[in-house]
Amino acid sequence: MTTRPDPTPLADWVASTREGIRDGRFPARAFNDADVHALEQERLFSKAWCFLAHESEIPSPGDYVTRYIANNNLIVVRDENGEVHANLNMCRHRGNVMCKAELGNASHFRCSYHGWTYKNSGELIGVPYMKEGYEGRLKRKEWGLVRVRVESYEGLLFGCLDPEAESLADYLGDFRFYLDLYLKQGAEGVEVHGPPDHWVAETDWKICAENFAGDGYHTPVAHQWGFNLGYFPSSGSTHSQGWAVHVPGKGHGIGLGHSPNFPPFGGFPDELVEDMRTSLSPEQVAVFEKTRTAVGTVFPNLSFLMQPFSLVPGEPGVRFVTMRLYHPAGPGRMEMYSWCLVPRGADQAYKDEAYRCYTLAFGQAGTFEQDDFENWTKVTRSAESTMVRDVDFPYIMGMESEPDPEFPGPGTALVPYVNDTNFRNLWSRWGDYLAGEA
Amino acid sequence: MTTRPDPTPLADWVASTREGIRDGRFPARAFNDADVHALEQERLFSKAWCFLAHESEIPSPGDYVTRYIANNNLIVVRDENGEVHANLNMCRHRGNVMCKAELGNASHFRCSYHGWTYKNSGELIGVPYMKEGYEGRLKRKEWGLVRVRVESYEGLLFGCLDPEAESLADYLGDFRFYLDLYLKQGAEGVEVHGPPDHWVAETDWKICAENFAGDGYHTPVAHQWGFNLGYFPSSGSTHSQGWAVHVPGKGHGIGLGHSPNFPPFGGFPDELVEDMRTSLSPEQVAVFEKTRTAVGTVFPNLSFLMQPFSLVPGEPGVRFVTMRLYHPAGPGRMEMYSWCLVPRGADQAYKDEAYRCYTLAFGQAGTFEQDDFENWTKVTRSAESTMVRDVDFPYIMGMESEPDPEFPGPGTALVPYVNDTNFRNLWSRWGDYLAGEA
Amino acid sequence: MTTRPDPTPLADWVASTREGIRDGRFPARAFNDADVHALEQERLFSKAWCFLAHESEIPSPGDYVTRYIANNNLIVVRDENGEVHANLNMCRHRGNVMCKAELGNASHFRCSYHGWTYKNSGELIGVPYMKEGYEGRLKRKEWGLVRVRVESYEGLLFGCLDPEAESLADYLGDFRFYLDLYLKQGAEGVEVHGPPDHWVAETDWKICAENFAGDGYHTPVAHQWGFNLGYFPSSGSTHSQGWAVHVPGKGHGIGLGHSPNFPPFGGFPDELVEDMRTSLSPEQVAVFEKTRTAVGTVFPNLSFLMQPFSLVPGEPGVRFVTMRLYHPAGPGRMEMYSWCLVPRGADQAYKDEAYRCYTLAFGQAGTFEQDDFENWTKVTRSAESTMVRDVDFPYIMGMESEPDPEFPGPGTALVPYVNDTNFRNLWSRWGDYLAGEA
Amino acid sequence: MDRDLVHDVTEFLYREALALDERRFRDWLAMLTEDIRYEVPVRVTREGLADWELSPTSRIFDDDAATLEVRVRRLETDFAWAEQPPSRTRHYVTNVVVDPTEVAEEFLASSNCFIYRSRGDSPNPSFYSLARKDVVRRTADGWRLAKRWAAFDQSLINAHNLSIFV
Amino acid sequence: MDRDLVHDVTEFLYREALALDERRFRDWLAMLTEDIRYEVPVRVTREGLADWELSPTSRIFDDDAATLEVRVRRLETDFAWAEQPPSRTRHYVTNVVVDPTEVAEEFLASSNCFIYRSRGDSPNPSFYSLARKDVVRRTADGWRLAKRWAAFDQSLINAHNLSIFV
Amino acid sequence: MDRDLVHDVTEFLYREALALDERRFRDWLAMLTEDIRYEVPVRVTREGLADWELSPTSRIFDDDAATLEVRVRRLETDFAWAEQPPSRTRHYVTNVVVDPTEVAEEFLASSNCFIYRSRGDSPNPSFYSLARKDVVRRTADGWRLAKRWAAFDQSLINAHNLSIFV
């Protein structure tokens, strides 16, 4: 199929790129190239577990959202029995789009072209003129909506186009330990505060994924205005303190930033802290109580950030959590989905303040988000220059560091927080997929 | 030439697609794919007879319209002797566009760059500085506008880029019998009511061509509002009555819809009916007098629709005829030309009412057209999803039906009207061209 | 590297094209084709000397402008020692754009992402967390901005991506003799009147380059309104007088138009004329004093035009000089840079009048420029038609003419001024590059 | 023209546009006279000297009160797929100039109308530009639109359909 | 509504837009009331019959005087990279319609706002269309903006960031 | 400012735009003073702190009555190819704000001007956004334009030519 890019021309490039990653180099070209994009669609996003939605977005039977894997629009729906399905949003008769909304509730979907009707689970149940037209020869059960695998962890729903792929549990592996920081804020866990911000940017998804895999290095400069206005207790000099943790061979990674004399679980409401000390494991408590900023990426393109923030600089503030999906929408182009997760158990006032902090700092108009996307868009622009075809970037931080033996969590933890190690792990996993060896 | 797509990568796909058509399957991918589009430009539109204009658009010497075959802009002009020519709208000196209007009258075309001048027939007659510059060595007759073959049937002007192609008469074959319903409304035939609606849509031309090749199946649902407001005598249940007729091996097809106790030639003005009973053959009368709705496609991308319609639901109304060309303008993109044809012999009041019915129902703001293009655009969107690469649609209606032995017309007629047979014929001809076997 | 177009499919086309040029033919397709564009990026613009800026745009230390070669954004800057550098405008750490302005002054560039800091010369001098992050292992001198070769002639700064390319002096060769007409207006030479007009057009750069290589043929028709309003002393008939001069094997060419009883150096201020008679060589004086219009192209895409012009038709007017760069920005698309050069030595009133003449005649709103771009955009549109793939344009003017033996300048001079010889020379050099034989 | 009258006509056109953009189609019908003429001619690219560029015979819309009622009733059904989900339109009405007509209570209102239209989750909206020459009538119940005449500034229109009002 | 009042509110909105487009952000803050509410809801594509398309809980902007002050102070630093170089914005404010509220000195001002935004040397500007339902208050010092409520006419917004005010 | 004066200046600017969009260039010239200055500066992308972004020396248009007459006479010939076929322009003039100048009968009129331009059968129109700072003069024969100053909100302009007036 010619829309499947012939991998050959890129094979050499992929091989030398994987070699470079081992040596602490990564090619600029990867961040904006039509062939690389096509290969990612083919080899990565059609095989990896891709995030779809949070269960709190579709709590009741019939609730659905429409989301994408690669350029495939999927109906992510909870059926009448409470089971979640992801089906291609395309009628099997002539390909019309079944569901034209991004969010809603429906027991059935009826096609607006010739009227084929499906249960929300995807089963075909209605075909006009079955007798006159099809003389009864059309077998309904062969013509249901095209299904996609769905699995979940702690409310996170993922889909996978590859029937052979490993389970989500194996795919996430030890990174679940760190996801719990975001997802187990108290016994009741978390919920989305509302529908996500959703916007497009001329940015390569990988730049965002890398940045959120623990790029503490950019904060003092990219967000210098925040230090300037007094938003951060840490100064540029103390900023590097903390752990960079990655799960070898999986691609996942997280940065856990510390601050001088930061109170345990600082910024969480007290009652939640009590909860967490019980709902989390002792190892998780040991790691998380010291953590001021936690910024991590689930390979390939789902990220989380938790940090304390205040509406007015200098005040203690509250913890907000943002979850974001970097959906590739072409070479050097993406769609950003950005959610705010709040603790189900917290009172409404805390949730609302956390949300306002999120909107001021992140989301499309967020004062930190703004500068990140400006820089990321500029990186993307540079990466398409013909002169950068043979230019590599340096990824050597932490190459000679030993893991922290004291570290109580799983995976490999390095100090300082300012480190390239998570990124090498991220791109080497990416290289496995592009080489067809994942 | 590299702008000619190398057919090889698609060869297997074309072969399996042709096989599938025989078995009642057609691939979703065909409706939105860059390679398929390129192959259609190369193998189909550069070889088939493509509609250009109706003679009534250029009645007098010097009258011209500019139209396209593939992405070639052509001047379709009537010369001083009344002969119609189609010439590439490009100066042979340095390639400037000669004629920048879509419609007009000119005896000569003078280039705005260096002043080469051509007769409206395309002959080069004026070259500045022939002596000083060319020292008389430029041979005018070698540098006329590039010509395209033109042939016509009953006022329909077609062009063909292939000098070897069969004649238009052979190309249309028995379908001329059915075209007469639209073109021979009375002894004087038909004329365009005015210039066509012209708009762009992110729609694949084939979806429209198939729909107008007799997709009675979509009407009760796609145009359900019309039934809802009382626009149709037939109910959903009786709607399937009528014939689906195709010309085997040619690709052309038409749907002839009937309605319970529908008066012979209902909706035509009486004087026209008299005319038609004489101007049409007995077989044509036998077929057409029962026909309420006639919707057909001349392979590949010219369609016609005739039906009675009223400005206010429930009234008897009049017959209007729309002729439409689906001009491919890129993968999954087209330009729509939509004309209203009126009987030359009818009085102005009838023509004007027929035209107002056309604008209310069809044309860019037409209430039926609106929903068709919404559905078609959505089908096109679905077809580019990576997941549909190996997804086929069912085309099995009528696969086991016997032709109606009673049917008085040429070609193969099946009942019911709701049928896929015309579509299989349409796409198998399309397959012949893509395989280079037309 | 797959972003490097495989030359093979075009190899035959390039070969036959070069042969055609020798025989006085050039293919329409060259003026708008994705593959040809890709090959030009690869074989031509990555090897030829490309114009960057005029020295008067960056007179002082730290002054910079950002310009492009191919799609590479370059910082063209004068360092603290007065030396001019051209560096890729990309941070070596992660590829951020360093300098976001088109014009300015800076001693250093600090990256807005992680804070790497470079001297304006491109040297890396500041790396945050060098100790904590890089453990001192990053070698600054290996990570400076990517450099591009820069050489200049009489204030014209050129850049070249090819380290092996010949010197600029050799590249320009004898064409320097003719550049002096534009650049040595008086002992002090010329300066830009201000920043250039800068706009995009759906036009192939080659059409402009050819036109300015001496297309006297288009003037009477393309700019007929000017004759109509009495802007030109020459009539259409006398217009062809003058020389067409090219530098064989280099691609450069110029048209030197004469007018009946035109005063020597007519239109120049008297004091400048005195200057020029001394600052120019006797041969240059002999050639230039008769020249009314001088329009030339430095291969591949830098052009100059000098002519007398008046704000109101019929008045003597003054000489203005425009310099323009046709920057390819995709197949059939370009960015136009248009400067007005004025004699440094002239008084401000003369400079200002010359500039106003420039704006009325050329520049984006110029009354002559307007029509040129209209025609050029239309040529570009025609060139992408599938039917023109095998269509050649005639380039036979002057093919059998002998060079003018009396001509005092270097290169090959033909009469009349209306001639295709310069164009054949231009495209044969272009063919050398596309064949990899430059 | 009297400044108050210009002000009132302008406000009327703004409120009419608001009714359309808020999809209050019944309110909108109520702003029209019973003898409303609603016309949008087809444009054809012609040379500068041509006698017409707007077709004297072809229309995109050629409506009266009865057919506009049909269009609105259609939109009120659940089956107007072209507007499922609804288009998000914004009618930017500018350059309102008012002139008298031969009829005492009727005035010619010229305006520019830029329409922004976005659908579903597409990040690429459509833009339409129209010149409008309307006739507004002063009635006992206030201002009414007696004629809408609007011409697209395009001959090849970039809209897959026109399921909206201009 | 009183014509002079409509005129004055309209002029106020124009001068407010001018302050933004000329980047006089301090002047702009001075045009707001101390209890300003500045809200831009998140839009989600829903079916025609859905109870909401503008999210009741999600906001792109959810600001008050204190947070707007933070945004402006940020822009006043040399480190607001998102606006280096500054966006060139042009707020096309049209269709201003004024209606009374329950509060005597406060009025509801509905308007359309089309924003043109160009950055750096890109020839491709961004266009945003918003419906605005503002509340303006007449004070002793003149008109002030008491509430800005603006909704994008898009659910998937074509802006890499929103470092501007709407 | 006096509301009637603002109204009259606004109407004048609308009628001026209408003359341009209806290609009544002679009418348009008659709306200009004899000492008209018609200027469009070249914009260059600069950093936020730069002293200028609009070039002090470079102009796209730098016209007076005599050169504008030349431009119009050119358009009146049959050889102005750039406008064959004519551009379809629509000048959306919004946000008109009027302020006094030192000269009694002259007023500064600031406005936003969004220009829609479509040519031939292309479905892709061009859009230009300009800030205008005009000077209008009250004369015995009515309002006249004494100065047009307009700046494109782009440094790299997406127009193959500017054969239109802004």
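All chains are identified by letter, namely A, B, C, D, E and F, in their written order; residue positions are counted from 1 within each chain.
The criterion applied here is as follows: a contact is a pair of C-beta atoms (placed from the backbone, for glycine too) under 8 Å apart; a residue touches a chain by one contact, two chains touch by 3 or more.
The structure presented is a predicted model; accordingly, all values stated were derived computationally and were not measured.
Asks: Starting from the defined contact criterion, work out which chains touch chain A and chain D both, please.
Replies: Expected: B, E.
Asks: Identify the chains adjacent to both chain A and chain C in the sense defined at the top.
Replies: Joint contacts, listed by label: B, E.
Asks: Superimpose the Cα atoms of chain A on the matching ones in chain B and note the rotation angle, 0 to 180, in steps of 5 degrees.
Replies: About 120 degrees of rotation relates the two copies.
Asks: Check the residue numbers that chain D and chain E use where they touch, and answer same if over half are used by both copies, otherwise different.
Replies: different
Asks: Suppose chain centres are the mean of their C-alpha atoms. Which chain sits farthest from chain D?
Replies: Relative to chain D, the chain whose C-alpha centre sits farthest away is C.
Asks: Centre to centre, using CA atoms, which chain is the farthest one from chain F?
Replies: A
Asks: At what distance in angstrom does the C-alpha mean of chain F lie from that of chain A?
Replies: Roughly 49 Å separates the two chain centres.
Asks: Between chain B and chain F, what is the separation of their C-alpha centroids in Å?
Replies: Each chain's C-alpha centroid was found; their separation is 45 Å.
Asks: Roughly how far is chain E from chain F, going centre to centre by Cα mean, in whole Å?
Replies: 27
Asks: Residues of chain F that touch two or more other chains: which are they?
Replies: 7, 45-47, 81, 84-85, 92, 94, 114, 120-121, 123, 127, 155-158
Asks: What positions in chain B touch 2 or more of the other chains?
Replies: Touching at least two other chains: 100-102, 112, 198-200, 222, 371, 374-375.
Asks: Report the complete set of touching chain pairs.
Replies: Here the touching pairs of chains are A-B, A-C, A-D, A-E, B-C, B-D, B-F, C-E, C-F, D-E, D-F, E-F.
Asks: Spell out the residues on chain F that touch chain C in their complex, using ranges where they run on.
Replies: For this pair, the touching residues of chain F are 40, 42, 44-47, 50, 55-63, 66-67, 70-71, 73-74, 77, 79-82, 84, 155-163.
Asks: Using the touch definition up top, name the residues of chain A that touch chain B in the complex.
Replies: It is residues 1-4, 41-42, 46, 70-73, 88-97, 100, 111-115, 128-129, 132-135, 137-138, 143, 146, 161 of chain A that touch chain B.
Asks: Write out the stretch or stretches of chain A touching chain D in their complex.
Replies: Residues 66, 100-102, 112, 198-200 of chain A touch chain D in their complex.
Asks: For a test of understanding, state which residues of chain A touch chain E in their complex under the given definition.
Replies: These residues of chain A touch chain E: 100-104, 193-203, 222, 224-225, 228-229, 311-313, 335, 355-356, 359-360, 363-365, 367, 369-371, 373-375, 377.
Asks: Touching residues of chain B toward chain A in the complex: what are they?
Replies: Contacts found on chain B: 9-10, 13, 28-29, 31, 33-35, 207, 217-218, 220-222, 236, 240, 371, 374-375, 378-379, 381-389, 391, 393-394, 396-401, 416, 418-419.
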